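Both of the next two complexes hold subunit A, though its partner changes from subunit B to subunit C.
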Partner chain A sequence: MTNAELGLFTAQDRTAFKPGEVLELSVLWALPTKPASLEVRLFWFTRGKGTEDVGVVATETIPAVALAGEAKVQFTLPVAPYSFSGRLISLVWAVELVAEPGSSATRFEFTLSPTGSELVLKT
Partner chain B sequence: MLRARDNPFSTDRVLRLRYRFTTEDWTRLQETLVRHRGRGALVGEKGSGKTTLLEDLAIRLRHGGKDVTLIRLSVEAPTLPGMYNPTFYASLGRNDAVLLDGAEQLPLTRWWQFRWQTRRAGIVVITTHHAGRLHTLRNCTTSPELLCDLVSSLGQELSLAEAEVLHRRHRGNLRDAMRELYDRFAKKSAGALSFPPLRA
Partner chain C sequence: MAIGFNSSAKTLGIGGRIIGSLFFGVFFLMGLGFEVMIIRQTAGTFATYNWTPADAIILSSKISPPRDSEHNPVLQVRYAYTFDGMRQESDGIETGSGALETSDVYQLAEHYAVGKNVPCWVNPAKPDEAVLRRKSRATGFIVLFPLIFVAVGGIGIWAMWRRRTPQDDDAAKPISSRDKDSKPGRLIMGAFFGVFLLAGCGVTYVLFVGPVLQIFAARNWTQVPCEIVSSRVKTNSDSDGNTYSVDIVYRYTYHDRTYTSNQYHFMTGSSSGYRGKAEVVNRLPLGSQTTCYIDPANPADAVLERDANGELWFGLIPLVFVAVGAGGLIFTFRKKAGDSGGFIVPKPALATTGGTASRPLASGVADQGPQTLKPSASPKAKMLGVILAALFWNGIVSIFIFSVGAGKWDGFSWFMGLFLIPFILVGLGLIGAVFYQLMALFNPRPRLTVSRGVLLPGDTIDVSWELQGRIDRLQGLQIALEGREEATYRRGTNTSTDKEVFALIQIVDTADPVAMHSGSAKLHVPPGAMHSFKAANNKIVWALKVHGEIPRWPDIKDEYPVEVSPKPIAR
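Moving on to the complex of A and B:
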């Protein structure tokens, strides 16, 4: 969830959310040089045997004014697609914090589903 | 059931593996490139690491201050995208490096046109299955030992005997070998990876 410079945190370290829920994140950064921009991206991606797919759902830009700081970011989560896993493909939701220039980044992965668990596709 | 996201041979993990190149290899490649006026080809069969090496070269050139354009062609997308138009080619200069992955997709006449259009670029490097279009900078080859090494980098173990079977079955295509390992890992419940005997 975090590296030496960037961090993304949810209240009570929640990692499961329901469709339509508001995802609120604390964004922390401490960088060696002042970033030109800090971008927070809500997206899903696939992982597995085939080519990776990715869908960026929303982006927020934090006006970076200092080498280090903290901010809050909110996203209203979409109704789909749900997090799922099968033998060949998984769909994973994530939020990524990217500092430019330099492309320093950190990622927070979470589950989006009505049940609180990813759907498991059984073959 | 093993979830796809947890499979050690998932595409994202395999793509994070880098080309096995020593500092001396890089020095030799760059010297060869200079000797051939910044033109050269990385040659090899499918799954031999050409694209990975080209991507690594792109990173090195960018770090060296070059303006790098990496163009990817494939069987699914065999033509140059429209953004590579006369305006793009006219903008090229000594500090530009144009890297073309999958040059064999271009018909010969289109290839010569591309070569002419990129003449002002300081560097042009291509990947291709067969030698001949530009001077060969590197012949990308694979081996069972390399396969063992790459599997080890993914945190798994593969015996040399198993790697030899796999390497032979896929005719040296490590991408396909990794895909087979993905399937085997997805099916296995416990224990080491094992392979059926190779059919003659």
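Moving on to the complex of A and C:
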């Protein structure tokens, strides 16, 4: 095996959550070399015309990592910011599994809003 | 579900690497050249500490006048000494090739007057080589200075050719690793702006604070007669042209001891403008008698002109660096520890003038009662802003206009004159903006009050307004709640911010004089409204916009920011 294989899974493949909900994730990895660290990061980031902003809200470190394995992590989702999409800016929530060194990563994107879908900004 | 793999990094092309290497190579070679030169000089200085001390007698001592206005006068001393029983002669004053400052030349000329017995140090390997002065060992620290250039050049070349890894490419990094608001990122930004602040403070101290302190101290200095022993305008040339400084050496006696100084005033440096300096030199020619002021606690410290002059204010220019450094540091570190995730959580705290105690809403968010809103910029602040902008812009442009106008009108001057036209037009526009803001100062002032300090999606609140001043000139008044996106991005070296309005809720639109004077209306915040959001480059902004139409006069165009909070989590 030459490439890192990383996976993040939610129950029923849910991709929409409300503020305050608990986000549970199954984490799978198979790596060519033993990583120094394996982190699961909950964060939001912006897309669009503006320079990217990123805010890491919480990080879970998976201890005693083997070359391959499986773990469960959970995050309590914050009140804000909501996922939204406008003409200039979109805000996206995501969880990333990052293996260091090498920055091998996989990302799971989801929606955070009171309605369960991203807010669309339009005149 | 998500599955991911490694990605490869982009690398710089061979052409880019060569150009980059040439750029950094110049740094490296220049630094290396200076380093070798300074090491050789420093080695010479340190070697004199192993030389043999001897007694010398000054045979001749004279000051040669400067070759031209760019050079200093030269001290030529010849002295004799005995080494290993042999009489030797030398004219070495100190090691190194640096020219002595004018005041040093005259002070040393007195110290090494003909017939005086002074110590010297003789090179035992070459007894006809000797010096009268040894430079301090502390000058050895100067060898570190060129290493900065060597390091920048060396690291730059290494960075051009090293093998890149995927981690080097920001785009290939995990997004969560690009959090610019991380602690190391802040520390790097803090260090960058800290250097600006320190450099600005240091230069401001040298050019402004220090001279001001000396000017105040010199008010108590002692006035003594002095004789001008050298008087000229010194020219300093560099790639930007010539600058000039007054270089007058004077001699005075205090408590039976003679001193020499060339401090004309307390301002340091050299500036453009020849005529003023020439007038000073003409007023104080060689051999003339005048008075100087000396520090009684340190009679070697003297000055001819102890008052401030216009040059002092140039010492305030480095405050720009202080402002950039301090502003950058505040911007970098202002975020409170509780603001996790690099964005500002909307808080139930609008600008308030009321003292109503907080009370919880049914939603659980603290309400602070009616709030009087503050405009994003007061008319006085806007006025001050355009005045500063006009002064700054026109100040810089006027320097160029003056430089072009004062010189001979050749082809280059015409080209520069045409080149400056757009800059002059912008300057005139800024002057026009000053008058516009001055007129706007006399506009009626709106006062907006909201019934609740916390705006939540789906809420209805009362908005009250009252206009003070000459409202009889108003022809119409509109108040609206505006929601907009603000995206800041960089294109080349420019930073731009685009704005896009996504919500505009009209609250008032009236031409009725009574209603324009004061009134209230309901504001319904849409249930699905996005809350306020403020990150480094992207924002969601909510604001009450007031527009008052005044014929043949600047309109009222004020904005009162409000914050829409996210809905609290239902427990």
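Couple of notes before you dig in:
Definition applied: the second predicted complex is superposed on the first by the 118 of 123 C-alpha atoms of A that agree within 3 Å, B and C clash if a C-alpha of one lies under 4 Å from a C-alpha of the other, contacts with A are read in each partner's own complex, and residues count from 1 in each chain.
Here is the rule we use: a contact is a pair of C-beta atoms (placed from the backbone, for glycine too) under 8 Å apart; a residue touches a chain by one contact, two chains touch by 3 or more.
Quick caveat, the model's predicted, so the values are computed rather than measured.
Once both complexes are superposed on subunit A, the partners subunit B and subunit C clash. Residue contacts after overlaying the shared chain place A:116 against neither subunit B nor subunit C. Residue contacts after overlaying the shared chain place A:104 against subunit C, while subunit B stays out of touching range.
In the superposition on chain A, A:20 contacts subunit C only, with no contact to subunit B.
Of the two partner chains placed around the shared chain by superposition, subunit C is the only one that A:81 touches, whereas subunit B remains out of contact.
Contact with subunit C, but none with subunit B, is seen for A:44 once the two complexes are overlaid on the shared chain. With both complexes placed on chain A, subunit A has more residues touched by C than by the other of subunit B and subunit C. With the shared chain A as the reference for superposition, subunit B clashes with subunit C in the stretch 153-161, and the other listed options (153-161, 333-341 or 351-359) are free of clashes.
Judged by the document's definition of touching, subunit A residues 48-52, 86-89, 122-123 lie at the interface with subunit B and also at the interface with subunit C. The residues of subunit A lying in touch with subunit C in their complex are 3-10, 13, 19-20, 41, 43-46, 48-57, 78-82, 84, 86-89, 91, 94, 96-98, 101-109, 114-115, 119, 121-123. Of all residues in subunit B, those touching subunit A in their complex are 1-5, 7, 9-12, 179, 182-183, 186.
Listing the residues of subunit A that touch subunit B in their complex gives 47-52, 85-90, 92, 120, 122-123. Residues 1-6, 166-167, 172-182, 340-343, 345-346, 483, 485-490, 498-504, 528, 530-531, 533, 535-538, 540, 566-570 of subunit C are the ones touching subunit A in the complex.
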